[in-house]
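Below are two complexes that have subunit A in common, paired first with subunit B and then with subunit C.
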Partner chain A sequence: MMANMGIAFAILGAALAACLAGAGSAIGVGIAGQAAAGVTTEDPAKFSKVLILQLLPGTQGIYGLLIAFLCLSNVGVIGTPVEISLAKGVMYFFACLPMAIAGLMSAIYQGKASVSCISMVAKRPDQFGKAMIFPAMVETYAILALLISLLAISGVGAINI
Partner chain B sequence: MAVLQMQRISICALKKDRKQILELLQRRGAVELTDLPLQDQVFGKSDTQEQKSLFEKAASTASQAVDVLNEYVPEKTSMLAMFEGRRAISGKEYDALCGKRDEIYETASHLVSLSKKIAENRAELVKLQTQLDQLAPWAGLDVSMRFTGTRTTAAFIGSFAEPLTLEELYRRVAELAPEVQAVNIDLISQSSEQTCIMAVVPRGDAPALEEALRSMGFMRPPSPSKLPPSEQIGILSQQVKEAEVAVQSAQAEIISQAKARESLLFLSDYYTMRAERYQAIGCLSQSRSTFLLAGYIPKPDAAALEAALTSRFDLAVELEDPGEDEDVPCALRNNGFAEPVEGVLESYGLPLRSEIDPTPIMACFYYFLFGLMFSDFGYGALLCIGTGLVLLKFKNMEPGLHKMIKMFFFCGISTAAWGIVFSSYFGDVVNVVSRTFLGHEVSIPPLWFLPLNDPMKLLVFSMAVGVVHLFTGLGIQLYLHLKHGDYKSALCKVVFWYMLVGGLIVFGLSTDMLVSVLQLPFAVPAAIGSVFGWIAAVGAVGIVLTNGDGSNPAVRFAQGLYELYNVTGYLSDILSYSRLLALGLATGVVGSVINQMGSMGGKTIPGVILFVLVFLVGHVLNFGIELLGAYVHCNRLQFVEFFGKFYEGGSRPFSPFAAHTKYFKFKEEN
Partner chain C sequence: MSESYTYAVARIRANELALFNDQTIEQLLAAKSYEECIRLLQDKGWGGMEANPTAESLLAEEREKTWALMRELVPDLSVFDVFLYTNDYHNLKAAIKLVCTGSEDFGLFISHGTVDHRELLHTVQERDWGSLPDPMRGPAEEAYNALAQTRDGQLCDIILDRAALDAVYTAGKASRDELIRKYAELTVASADIKTAVRCARTGKPVDFIRRALAECDSLSASRLAKAAAEGLDSICDLLATTDYADAVEVLRQSPSAFERWCDNLIIRYIRPQQFQSFGIGPLAAYILGRENEIKSVRIILSGKLNQLSDQSIRERVREMYV
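And then the complex of A and B:
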């Protein structure tokens, strides 16, 4: 029984990465979308600019998907099945956590930054280049988390336990 | 190339040539006018605000007329119309349309008034319809709704807010007013919400009946018509018809004017130009028969303009270099390779007078980093072909858009190249298709290595790229200090930092810990490592000792220490380049996920159909999102990490006196 729990933990990690990061992106893109819709009502010509700003918090969901996929293919749920010990499964679980948690929080706050930048573009459309940078600053931390999850998952694969 | 050198230009000319000279300047669009404050007994300024707003009003009337046409006769535009740019108009066409401008203006006003008429009639229709709705229950009444009775009888016309039958009405009246002997009630209409009646009684019983009716909830109509309702309805219906006909005829008339669209657009541009010219006149200083004009002109354009002016008019042109503390506008000029990223620089801020134009250096890094983040041959090729076709097909694109499309073209080339280096072709489509549908797996070997198999190697490479990028930025700062002869700053702010950061990196590479963490295949020998360690120490001491500017040595030392703390900034800057790895991997892995999902149907006909569908939808989505990600993060690396090392920006952009038209280009003919 316990021997089989390894893979369950690994899948829990993958599911959390996809769920939390995806949920964060959904919230972020959602609130940014409300602001974008408001701006587009007033000035439909700004559609493409506010759409880009709305999409910025959407990347965390993709990073979460990426980590989940890597984890699932490493433990053999996708592709060729492999034997996963309990310790290794728990390692995969922890390896997924940075992406899951940082993805969730950073996407929500990136969404809030996007909302402010959308109202900035509404008033000063010429400052679009700068408006794009503020939400991108928040994303840095999702990228750092992605990096650690990525390195951890590929590292765990090489450990023999 | 880089930042264009500006010169001050002053022109003194005869007033009789004013119109022609201004027209010439406007068409050339090379001079930014400055408002001349000169006013004395000889020179004065003319207030042109009034004419200017008159022309602006005419231009907006023309645009409104075009809007009216667009509403009733929509113009068919394709998706690609945005690339087309303004149409160039020949001198002949210009003169022909110019001659007809009053006529066109009349058309424009007429169109605007027609649209106003339609709006008015539509409002009228709504009002009439409400009145008709109110009258409808009374259609059966054949006397006026204001009828109160004859000499001997009294009539009550009104309604109850509930459905009542005739019997019920008689019963209630009898209960509430038993003394009333003779009453006649006519039911005019009945619905679930109201009952409309007319009651007639002898004059003597009127007060008693009225009392009874009121306690039953009787209400007189709010706006009774003078005429009997049926007649009134007829009149209103007639008015409705008239309003409808008026709307239709106005619409038909608007539609018949559809051909006027081009000339209306011309008119809008024409008056916009004239308004701009009058604004320019407001900047001039004028005497009775001469005027003075001053402004800035890019040096390369100055000689040609001077020649063009002096050959045609009697005037004096003077060119001089601007003074040190003048607020000179900034314009850039770069070659075809660097020019496309000017737009990115503009969105950050144009270089100050003390700075250089970083566009050419930035362009190299921009394409390089963008490609590294997008890194897929398929996506790169798509981007290249798409933007290439647009560039070929639409030669007349507006400059800003043209730059951007061209930038993505170069980025596409770089993306495709990195895709080959890391063997990414729409993710791993070659492997998946060959494995699923052909039976044996084929894979294209990467030129360098597969990032997913060795992410550490790509991480180290990304950070190395980051170090090069940052050191280049620092190098530009060094160049600027040396150019201004500020050798102390060059040493304290740049050389010591080179020593500290560079020394620390080499020293770190000689330690076992870092070498094993980064999985490097080599290690710097300990001896060299310690030499660089000492170099770093010298740099650190230099920074602490020289970067303070207080008078108190202790304060200076503290300031120096604080400056040294910036070394953490370098650490985070270098780590920031790890996004190159993360985004690069994301493109490939998400692409692989899509391919894998598509191949789940196996080697069957539905399986192939599923694969094609998933492939198309999935890769279009991934392409869009990764393109956006690469663009945003490439900008960030330039703005925050690279510019942070040397660039401030914020110069005033050069905005020449020119024809800022929306629809047509008026070429300088010669």
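And then the complex of A and C:
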């Protein structure tokens, strides 16, 4: 029983990375989509600009997927099966958490920032470049989480316990 | 939920582009005649299909456009009832006066209210007070009896004006939105000050003044009534100790300067809503901004029609929301 717990923890970590980051992106893209639809209703010419702003919170879902894929691949769920100890499984679990939690929160807040910037583009379309920067700043923290999860998963793979 | 009305607020943001700013108001003020002003407004997209609209039809059309947009955006318009109660009580007043004087002039009614003005007129004609909403019943019957029995139009007015303010204040207090709460507070306080000044100028007794003033948190109605009975200086002394200390200077200038100050106070308070992306606040602010715009255009058109000087019109024009 305990011998199988390692792989279970690793899969739980991968699932959380994919689910939470994906859920965050869905919420972020969803609220930005509502705002984008509002602006496009009044001025269809702004469609392309608001679409880009709407898509910005979608990246966390992709990062979560990447981490989940990498984790599943390292523990042998995808590809060649390998033996995973309980300690190693728990390590994979914690390695996935940064992406899961930071992905969820950053996507929601990036969605809110996108909504405000969509309003900004509605009033000042010439300021589209600046409007892109504000939600993009939130992306920094999702990238930092992605980086640490990537490094952690790679590092755990090299540990022999 | 704080993320509610996201679609609606985004549409409002796009619509705010069409609101008049100070430059547009200057353009209207620079128009040489009333007709030129109307043409300018039509060029800005005001009015409907009518080729030669009157000022009233143009303004009514714009008010209708605002509420048509709100009907699209907000599933339950009762959140904006606080803005409509004054129209309801105005219509009730008009209906009572029409019935008591036997006149048939329907031009006195305002189209937007929580109760249809035709229903109000029917209610007054039939004395069917029970069909009115709860808070309206008592004041309607009391005002009708006051006018029918004593022919005292002023008494009828103060009963209904006070009831309108009470309704606005109650609705404001019940609202979860800070902007609507503050709007109700400022509306009642400024109306109380206006009434107090008018009563002080006409030398009304303290009991009469107290009856006309509505209660609010930021201004004690009983202290204001007492000050009004003593005179304008006492009102100014009292106001100097309240949140409305800035009003003292304009009160001494003229009643129209004070009315302008009151409207500007609300506009300044709601202006930050332009930077809010969620909630009912930006929608409520848009309604108030549009009403303020319509009021300013009415002042300009009326000034142009009566050939008042630009300076005289400019003194009365309100600050714009955008």
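Simple rule for what comes next: the second predicted complex is superposed on the first by the 161 of 161 C-alpha atoms of A that agree within 3 Å, B and C clash if a C-alpha of one lies under 4 Å from a C-alpha of the other, contacts with A are read in each partner's own complex, and residues count from 1 in each chain.
The rule we apply is simple: a contact is a pair of C-beta atoms (placed from the backbone, for glycine too) under 8 Å apart; a residue touches a chain by one contact, two chains touch by 3 or more.
Keep in mind the model is a prediction, meaning the values are calculated, not measured.
Annotation: superposed three-chain arrangement on subunit A; subunit B versus subunit C shows no clash, the two fitting side by side.
Residue contacts after overlaying the shared chain place A:Phe69 against subunit B, while subunit C stays out of touching range.
In the overlay built on the shared chain, the residue A:Asp43 is in contact with subunit C alone; subunit B does not reach it.
When the two structures are aligned on the shared chain, A:Ser85 is found in touch with neither subunit B nor subunit C.
Residue by residue along subunit A, subunit B and subunit C are tallied for touches, and B comes out ahead. Taking Cα centres throughout, subunit A sits at the apex of an angle toward subunit B and subunit C that amounts to 50 degrees, reported as a multiple of 10.
Of all C-alpha pairs linking subunit B and subunit C after the chain A fit, the shortest spans 9 Å. In the superposition on chain A, no residue of subunit A contacts both subunit B and subunit C. Of all residues in subunit B, only 344, 346-348, 452, 455-456, 459, 575-576, 578-579, 581-583, 585-586, 589-590, 592-593, 596, 625, 628-629, 632-633, 635-636, 639-640 touch subunit A in the complex they form. Within the complex formed with subunit C, the subunit A residues making contact are 31, 34-39, 41-43, 112, 115-116, 118-119, 122-123. Against subunit B, the residues of subunit A that register as touching in their complex are 52, 55-56, 58-59, 62-63, 65-66, 69-70, 78, 127-130, 132-133, 136-137, 139-140, 143-144, 146-147, 150-151, 154.
Within the complex formed with subunit A, the residues of subunit C that make contact are 3, 6-17, 275, 277-278.
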